[in-house]
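Got some structures for you, see below.
Across the two complexes that follow, chain A remains constant while its partner is chain B and subsequently chain C.
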Partner chain A sequence: MRSVWLIARRELVATLRSPLGFIVTALVLAIVGLLFNLRALGGGEKYSADVLAQFFYDLSGFVIVASILVSMRLIAEERQNGTIVLLLTSPVRDHQIVLGKFLGALGFMALLILITIYMPLLVMVHGKISWGHVFAGYLGNLLLASGALAVGTFGSSLARSQIVAVFVSAFLVAAMVMMWLMGRVADAPLDDIFANLALHNIHFSPFRAGKVHLRDIAYYLSVTGFFLFAATRMLEARRWR
Partner chain B sequence: MAVDTPKKVPFGVLRGLHVLVGYLLGIVLIFVGERLIGGQSSTRWILGGTGAVAMLVACMLFLIAWKRSDGERSRIEGLAALLSLGGLLALVLYLLGSDLVMGPAPVTRAKDAGVGLRQVLLVAWPILMVLSVLPLIFVQVSTASMGLGRGVEGSRVRASALSGAMTASLLCTLFLINAIAARKDVHRDLSYFKTTTPSDVTREMITGLDADTQAILFFPEYNDVLQEVCPYFDELKGLSERFTVSEVDRALEPDIAKEYRAARDGSVMLVRGKSRQKIDVGTSLDRAKRKLRKLDSEVQKALLKLTRKRQTVYTIIGHGERGADRVGGDDRSKLSELRKILRLNNLMVKNLGPVEGLASEVPADAAMLLWTDPSRPLFPGEASSLRAYLNKGGRMLITLDPESPAAPVGLLEFLGLSYSTDKLAHDHKYIPLSRSPADRYNLVTNAFSSHAATSVISRYSRHLPVLFPRSGSLDKAGKTNKKATFIVKSLDMTWPDKNADMTRSEGEKGGVFNLAAAVSMKIKMPEKPEDKKEEVKKENKDEKKDRPLSKKRSGAAKTAEGDQPEMRVVVFADTDVFADDYLGLLQVGPQGYPPNRILLTDVLKWLLEERQIGGVSTSEEDVKIAHTRAEDVTWFYVTVFAVPLFILGVGAGTRWGRGRKRRTGR
Partner chain C sequence: MIVANELVKDYGELRAVDEVSFEIRQGECVGLLGLNGAGKTTLLRILSCLLTPTSGSVSVYGADVIRESEAVRGKIGFLPEEPPLYGEMTVGKYLEFAARLRGVPRTDVGGRVQDAARRCRVTEVIDQRIETLSYGYKKRVGIAQAVVHRPPLLILDEPIAGLDPAQIVDMRDLVRGFRGEHTVVLSSHILTEISQTCDRILVMQKGRVVASGSEEELSVGQGKGRRVSVRVRGKKEQVEDALKGVEGVKSWELSETNGTIRALITSEKDRRAEISRVLVRAGLDLIEIARPEGELESVFLKLTGDGRKEP
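The block that comes next holds the complex of A and B.
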């Protein structure tokens, strides 16, 4: 476990120190801030709970995009720079590498998400919202980030360059997000299967309304677990491909 | 690593992949036939049959390959054949559980369905299919990567099969976990919920009780809703010895429940003498949440009904007034909330127009007249009847509107006032409702006089800005014996938009304008004969007995001190200030106090000489977020520029600092 934390810490510090880290953070904050003013607060008076729900919804879109951008470099960068050999020959196991890198990226995403807390606080000053609702919204975004990052880590493990990684990850995430559309056009029982596999629609909506469902937590943890496992298998595939 | 170079290759590596593709194609055909087409159509049978044959042939080819090969390859081909047979077995299990063998599935609710053979087969076949097909794919891909004609490395192929099997196992486990989590879902609603606390108005009502009043809470002994209701009444019961609270479990004390006709659990009964008022809350917390958020207003409403004698307020009609309902073609905001507040205070609201005899006289039982946004002048005789009513010490609330063509000039002159229909606007201090230049008409003000008609709102003026949408202005006119005080004024730099272009032009001078006026006049009563005086005294005494919270009498009203009747009129230069769209729009503080409502209750209190007017209660219902243009700008700059620039600054600063450290070696 110590190796996992070492890799995670190194990854987090590297992301925070890189221009990518603070430029992505500033950009996401500016755009989310703009949407907060235009969509959440704009368009006439709204109930504070609706403003908060809209804010979490808008934030979730940027969480997905930022997760793909942050995860693209996790393994593909090592491959691109030729440092993957050093990493793979070091006394750490494949799953420790994947988990460490994922946790580092998740730590950065958690910071990025939590730094937006001043927006719900502004709503709280003028309206009536509970800390529970704020917690639920942030938990949902964190779980969504975790799922998208895991898919991105898998995409990064497939590709040899960061550019290819970002395209592969974006395709996979977009496909998973679009599942709800397929759920709408497909007939039973496929509609339910597609709808329940969708990364965002069914499973994220309750969080933005302040509701925490066990089934949604189980879903996001499953997506995270499966794609991290798949990424590990992809690293291990060098032994049998 | 041991590499086995076979003497015989059953069908080359590429052919092995072809067989796999055929096998997978068979699965897809069966899936399309069974799941997408279904029913009894021939397409289903053709696709299903073709798919099954494809799978069977592929299995046969895998078996033949196994039989023909030897050494390490034989073991690999044997593994592939075994896995392909696993897929075939999954298909057999699907057939056994399908309607072809077991008949149509009985229609039951998901939660009532037990675990039978059908359910076991339903779960078993996809698991077996995934556990067989995924490792098979991994084995074939791994074998293919070793190249055509080369030997196979058994350990690599087995590692890939293990990898596939583990991935398949994880996938199956996660599906099962998610299915169980969805079926046995536990959830928590963390969105805003809080039971109200007693408002100042309710507290004063309890403190001022002059007869024993009881609150009986009909709830089961251990109930979540009771736990929410109890603290509210616990706060009230210490305020007056006349107010008692008791909890009754209907099951344990059926006699009390019968006596008070409590047919259901989850209700609060307020009892005063023989009068009763019931508030239904419910026993399920989820359902009761809505009621609990506004419990204070429900209690207040019930208390007012118990304690106050009914009086009559007449609404003048017949001159294009704005009412509680919108009539055809009238797009003005309704005044139904205003009417609700009057009813809440046990005031009977009646219409008074030409048909009801306004031209001859105002009914003697009128506690107050209400005239809202008239758009046509009074009929002959009506003005003099109103003057006569006011000269006897009548009470009246008049709301005007700059968009209505006919202000009651004569009546205003009688009161010593004049009205300007130029709409007032402000360049900065307004509420943006439509995000257009017209928002400048939505004035906010907290400039109140210290008059009794604004007693509460002026005390908290810093925190209670009132919204005046599209307001005209009032001024004094001529000499009169009435005392007129402007109780609400606009903020400085307000300007009259004389040319209605929503922008400030030359000649539209900014300043402070009068938005509401309170006019009063002491009435000199002629000497009454002694016996008449006695009669009036007796009547007053009886009335006071009946109305503990009311100190006035109907008709010619008398002030509390000195018993000298007084005419009281309040005129507003805007009707929208009390209209439905705006009355509760602004809400301030954590309790969500609505300043426009507070202003209305203040004015009604003065006009009716009541100690308390209900209508302002604490509510834990969600509030709409309204902020001024200036606040909008602040929020925008903080969220869009300040914080992101701060992050960029910190990031760039840190990088520059580290770079400098590296360059200087320190």
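The block that comes next holds the complex of A and C.
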């Protein structure tokens, strides 16, 4: 486990120092801030809970995009620069490398998400919100980030080029988000299966409304586990080529 | 001790390593010599667990590279041709990261980093970001990361590639310094580098080890016998008379340049001591006695001759 934290810490520091980290943070904060201003202040009086739910919904879209961008470099950049050799020739298991990289990126996303806390606090100053709702909204966004990052980690393990990695990850994430549409047009029992596989719609909605269901947590953890496992297998397979 | 048995590595249809077997003893410095594409890097990558062989086996200090890969990786330090460096880190932080990754206890990390930095002569840039260093320094930092955890086996892939002449001399000294303490396996296509640094040479061609031994042993194996080049001041007849009296000397060629006589002498065994003794006793001024220039080159070209004719 020490190796995992070591790799995660290096990854987090590298992302925080990278231009990509700055740009993603700045863009997400600027756009989410503007949207929040627009939603909270525009269009007459609103319930605080509704403003908060809308804020978490808006944030979730940017969390998905940011996760894809942050994860594209995780393994692809190491392969591009040849630094993966350091990790692969050290007495560290492949799943520890993948987990360390993922946790570093998740740490960055957690910081990015938490920086937006001032927005719910502004709602609290001018209205009445439940801390449970705030907790649920942030937990949902963090789990969504975890799922999208895992997909991105897998995409990053497929390609040497970060550009290719980001396209592969974006395609996979878009396909998983769009599953809810498939659920609407498919016949039973496929409609339920597709709807429940969707990355965002069914499983994220309860969180934005302040509800935490175990099945939604289990879904995001399963997506994370599945794609991290796939990324590990890809890394292992490279030793055979 | 490293033991490879009938090692094969295929990349699709291409056989990069073809039934290679060898043994490397503790403390030995072995050089893999071969033209580009001979399979040197693939072999080193198998030894360092970066690649899994298609068939055959390799054990490093008793641990199998496939079944006990993690244990093997704990015993090696690897420098690929391009050092695996994180440009945004300082040299010190990077070496600390590499040491901890290889399982060096936290309490020992500081000392190990200082020691590796001193040995690889990067102490003066230890607080500098790696991306700001020259290529020569980057190579040295690459070697420092390979030795920071004091592995018994050091694997260096083309350690002098891309270095200028001064840096090559520096690197040669550095690698020589590791002999004895570490078992060293290095690859190069630069003959002089291998002959000056290594105790033993494995010559590779088309994925096979076509010859193994010291420079002298390789020469003998190629029917050249042991050859020595001598330069003396005197007369040709005197040289010939003197050489006739040395037991084991098979043949010699004499040539005269700038008032000196150059003799290229072939013998069954190493007769340098006797040769120099008889020449001096014969009243000749012995100016130089050395291995003939280009000896290894000619042996190497003979061993890999087929490879050079390939398109």
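Basically, the second predicted complex is superposed on the first by the 236 of 241 C-alpha atoms of A that agree within 3 Å, B and C clash if a C-alpha of one lies under 4 Å from a C-alpha of the other, contacts with A are read in each partner's own complex, and residues count from 1 in each chain.
Please note the rule applied: a contact is a pair of C-beta atoms (placed from the backbone, for glycine too) under 8 Å apart; a residue touches a chain by one contact, two chains touch by 3 or more.
All of these numbers come straight from a predicted model, not from anything done at the bench.
Visitor: Based on the superposed arrangement, let me know which partner A:17 touches: chain B (first), chain C (second), both, or neither?
Guide: both
Visitor: With both complexes superposed on chain A, which partner does A:119 reach: first (chain B), second (chain C), both or neither?
Guide: first
Visitor: In the superposed arrangement, does A:39 touch chain B (first), chain C (second), both or neither?
Guide: Neither partner.
Visitor: Figure out whether A:83 sits in contact with chain B (first) or chain C (second), or with both, or with neither.
Guide: A:83 contacts chain C only, not chain B.
Visitor: By the touch definition at the top of the document, which applies to A:27: first (chain B), second (chain C), both, or neither?
Guide: Once the two structures are laid over each other on A, A:27 reaches chain B alone.
Visitor: Is A:196 in contact with chain B, with chain C, with both, or with neither (first, second, both, neither)?
Guide: Only chain B; A:196 stays clear of chain C.
Visitor: Scan A:91 for contacts with chain B and chain C and give back first, second, both or neither.
Guide: Touch partner of A:91: chain C, not chain B.
Visitor: Between chain C and chain B, which one touches more residues of chain A when both complexes sit on the common chain A?
Guide: Partner touching more chain A residues in the overlay: B.
Visitor: Take the contacts of chain A with chain B and those with chain C, and give the residues found in both.
Guide: Touching chain B in the first complex and chain C in the second, residues 17, 239-241 of chain A appear in both lists.
Visitor: Give every residue of chain C touching chain A within the complex, in rising order.
Guide: Touching chain A: residues 11, 48-52, 70-71, 73-74, 76, 78, 80, 82, 84-86, 88-89, 97-98, 100-103, 145 of chain C.
Visitor: Per the contact definition, I'd like the list of chain A residues that touch chain C in the complex.
Guide: Against chain C, the touching part of chain A is residues 2-3, 6-7, 10, 14, 17-18, 81-93, 239-241.
Visitor: Which stretch or stretches of chain B touch chain A in the complex?
Guide: Touch residues, chain B against chain A: 35-36, 141-142, 145, 156-157, 159-160, 163, 166-167, 170-171, 174, 177-178, 181-182, 184-193, 433-435, 585, 590, 592, 620-627, 632, 635-636, 638-641, 643-645, 647-648, 650-652, 654-655, 658.
Visitor: What residues on chain A touch chain B, complex-wise?
Guide: Listed in rising order, the residues are 17, 19, 21-23, 25-27, 29-30, 33-34, 36-37, 41-49, 51, 115, 118-119, 122-123, 126-130, 132-133, 135-136, 187, 189-190, 196, 206, 209-215, 217-219, 222, 225-226, 229-230, 233, 236-237, 239-241.
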